[in-house]
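Two complexes, one shared chain (chain A), two partners (chain B, chain C).
Then we have the complex of A and B:
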């Protein structure tokens, strides 16, 4: 299993797109914290910023695009044809020849994605929180380590969610479209919360409750949110692994 | 020119991925109209149009490298680039109009067409549908709204300017780069 994880990590780190995801995730949140510092300070001074302890954590919700990309390319790269002139030849064929037990392969990939995203999320969280502390100073309360850890966990779970969805759809375009749109201002999940309050328990919305106090209109305790999100990810990963086991590669 | 145009139109109308994207876009647009979203339904139809543009431009670079067959048939690159853009605009216009009608805002057709051309230009430059989808959607749905809310002083160029710049860059890269 250790060899397998090692192999998956090396494959993932050999992909240019994975590096785009890694760097994007590392840069986006601190950059946003710096760029929006002026507007945020004004908002806090005018008292329209909502919960001030959320301020430092808000940029982290944007940076997790990098985690999404990592989760997607871990699967989509395997299905891309490896040579221009041999459209049928795919990395997946080689991978399965080396590791025919498919459930173990799915597990190893999940561990590789989680490890990378956890490291990325931890570095980004520390950098973003330190930067916010530096530029906003006494305007925001000091960040609690527990919430920072929850934010990193949220990153890992979203990376795994992207991984599971790509396993199910076998297409990076669909997963990326769904997840990017849902983390933006025209989020379909958010729209559904206006229709039924139950939609607040959809995986991409409930996870934010783990480290933010002000999300939408529904209040969910951080622990409940974490459990619900973990259950979603586990279920989708199970479905993805089962489909992967049954389907021809 | 006519021959190149015809070939490009045939390629576009026979691709299953484009039909699927269009069908999904229409279905989602119709469904979302029921919920009456605060930002209007066009914002959601726009997502489908962007994916459509990326796939329409990127499909020739996928497995098999069809772009080399196209260039063998039409070696003059500026001609092929222009034919591609004209064919995409002409073929997509009626479908985009239907999308706008389904969203209840026929006036949005022009804007959606320009969005389509921007997405196609990004797809041509990046040559990788998954990467291009990520870039286009991130820029449209996260980047631009972020700049608008957090940096209201920065003036963003209007859509026609964007589209023209994107098309010029994509044609220039297409003509200069090894396929």
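Then we have the complex of A and C:
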């Protein structure tokens, strides 16, 4: 199993797209923290900023784009055509020849994605929180390490969610469209919370409660949010692995 | 040794393999011959555990492919294309494949040398010509120094020098006592390379035996093939 995880890490780190995800994830949150510093300072001084302890953590939400990309390319790269000469040929054939036990393969990929996202998330969280402290100083309370850890865990779970969805759809485009449109352009999940508070427990929005106090109109305890998010990811990953095992390669 | 035993595979409503059975023995090149769409690739995919049969078994030294521990040290397979992600260099591709099966890193440069890709090892697989892609696929198949080789249309797209190189390469491997199974629709090529021949047509094995047995009274393997397969050139 160690060999498989090692091989999957090597595969991911050898892909230009994965590096786009890694770099994007690393710079987006600190950049947003810097850019929005002025506006945030004004909002706090006027007393319209909401929970001030959320301020430092708010930018971490955008950096998870990198985690999504990593989760997606771990699967979608397997289905990319090898070249013009052999349009039907894909890396997946090589992968399955080398690692024919499919549940193990799904597990090894999940560990590889988790490790990369965790390292990326930890660096980003520390950088973003340190920057916020530098820029806003005494305006925000010092960041709690527990919340930072929860934010990193949230990133890992979202990376795994993207991975599981791509296993199910077998298409990176569908997964990224669903997750990005839903998190940035129009959040269908958020609109649904206006209809029923239960929608706050949908996988793409429940996780934010793990490290932010002020999310939407519904209050969910961090531990509850973490457990619900983990259950979603486990269920979707289980479904993805089951479909992957049954389908033709 | 490869044993295909009563393999039946249904795809949608079509039965693409009807109780296909044959063996490929160590020390011999076994040619798996049939027109396009006869079921050659489907059989090899079942053998490699990529697709599942509805009935029958496909075994390598008595084991299913998926049951093999570090499968690349037992079986080397060459299917369509290079099997590499287009953005990856040849060397990076071979490295992760080696890592996955606990094969020492040093083997990567050895197999690149064997297939003559040392100079192109830093090139991305997406920029490879058809011949180079086949060589890269073959290099991956050789990484684990496997006693069994399974190749789907290995000479497709190769130039005459490449075809001769591949023929010599496969004959040498069989000479070392390895089991070599290759599929082809090129009669002349197979008659030069194979010791044993299995002919498949419309998903059924129509004949198998040594090259001499299969050719029988016909002047060439091609005549024997056309006499036994439904196509018989009638469509022309």
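Some notes on this structure:
The working rule: the second predicted complex is superposed on the first by the 248 of 249 C-alpha atoms of A that agree within 3 Å, B and C clash if a C-alpha of one lies under 4 Å from a C-alpha of the other, contacts with A are read in each partner's own complex, and residues count from 1 in each chain.
As a convention for this text, contacts are C-beta pairs under 8 Å (C-beta built on N, C-alpha and C of every residue); 3 or more make two chains touch, one makes a residue touch a chain.
Here the structure is a predicted model, which is why all the values come from computation and not from measurement.
Contact with neither chain B nor chain C is seen for A:1 once the two complexes are overlaid on the shared chain. Once chain A of one complex is fitted onto chain A of the other, the partner contacts of A:248 are limited to chain C, with no touch recorded for chain B.
With both structures placed on the common chain, the touch criterion links A:97 to chain C but leaves chain B unconnected.
Contacts of A:194 after superposition: chain B is touched, whereas chain C is not reached.
Contacts of A:62 after superposition on the shared chain: chain B is touched, whereas chain C is not. In the superposed model, A:81 makes contact with both chain B and chain C. Of the two partner chains placed by superposition, only chain C is touched by A:10; chain B is not.
Overlaid on A, the two complexes show chain B and chain C touching the same residues of chain A, namely 17, 80-81, 85. Residue ranges of chain C in contact with chain A, taken from their complex: 45, 48-52, 65-66, 68, 71-72, 75, 77, 79-88, 92-93, 95-97, 99-102, 125-130, 133, 140, 157.
Considering their complex, residues 3-4, 6-7, 10-11, 14-17, 77, 80-83, 85-86, 88-91, 93-94, 96-101, 248-249 of chain A touch chain C.
The touching residues of chain A, when paired with chain B in their complex, are 17, 20, 32, 35-36, 39-40, 62, 65, 69, 72-73, 76, 80-81, 84-85, 87, 172-173, 176-177, 180-181, 183-186, 188, 191-192, 194-195.
Interface of chain B with chain A (complex): residues 28, 32, 35, 37, 39, 43-44, 47, 51, 54-55, 62-65, 128-131, 133-134, 137-138, 141-142, 145-146, 149-152.
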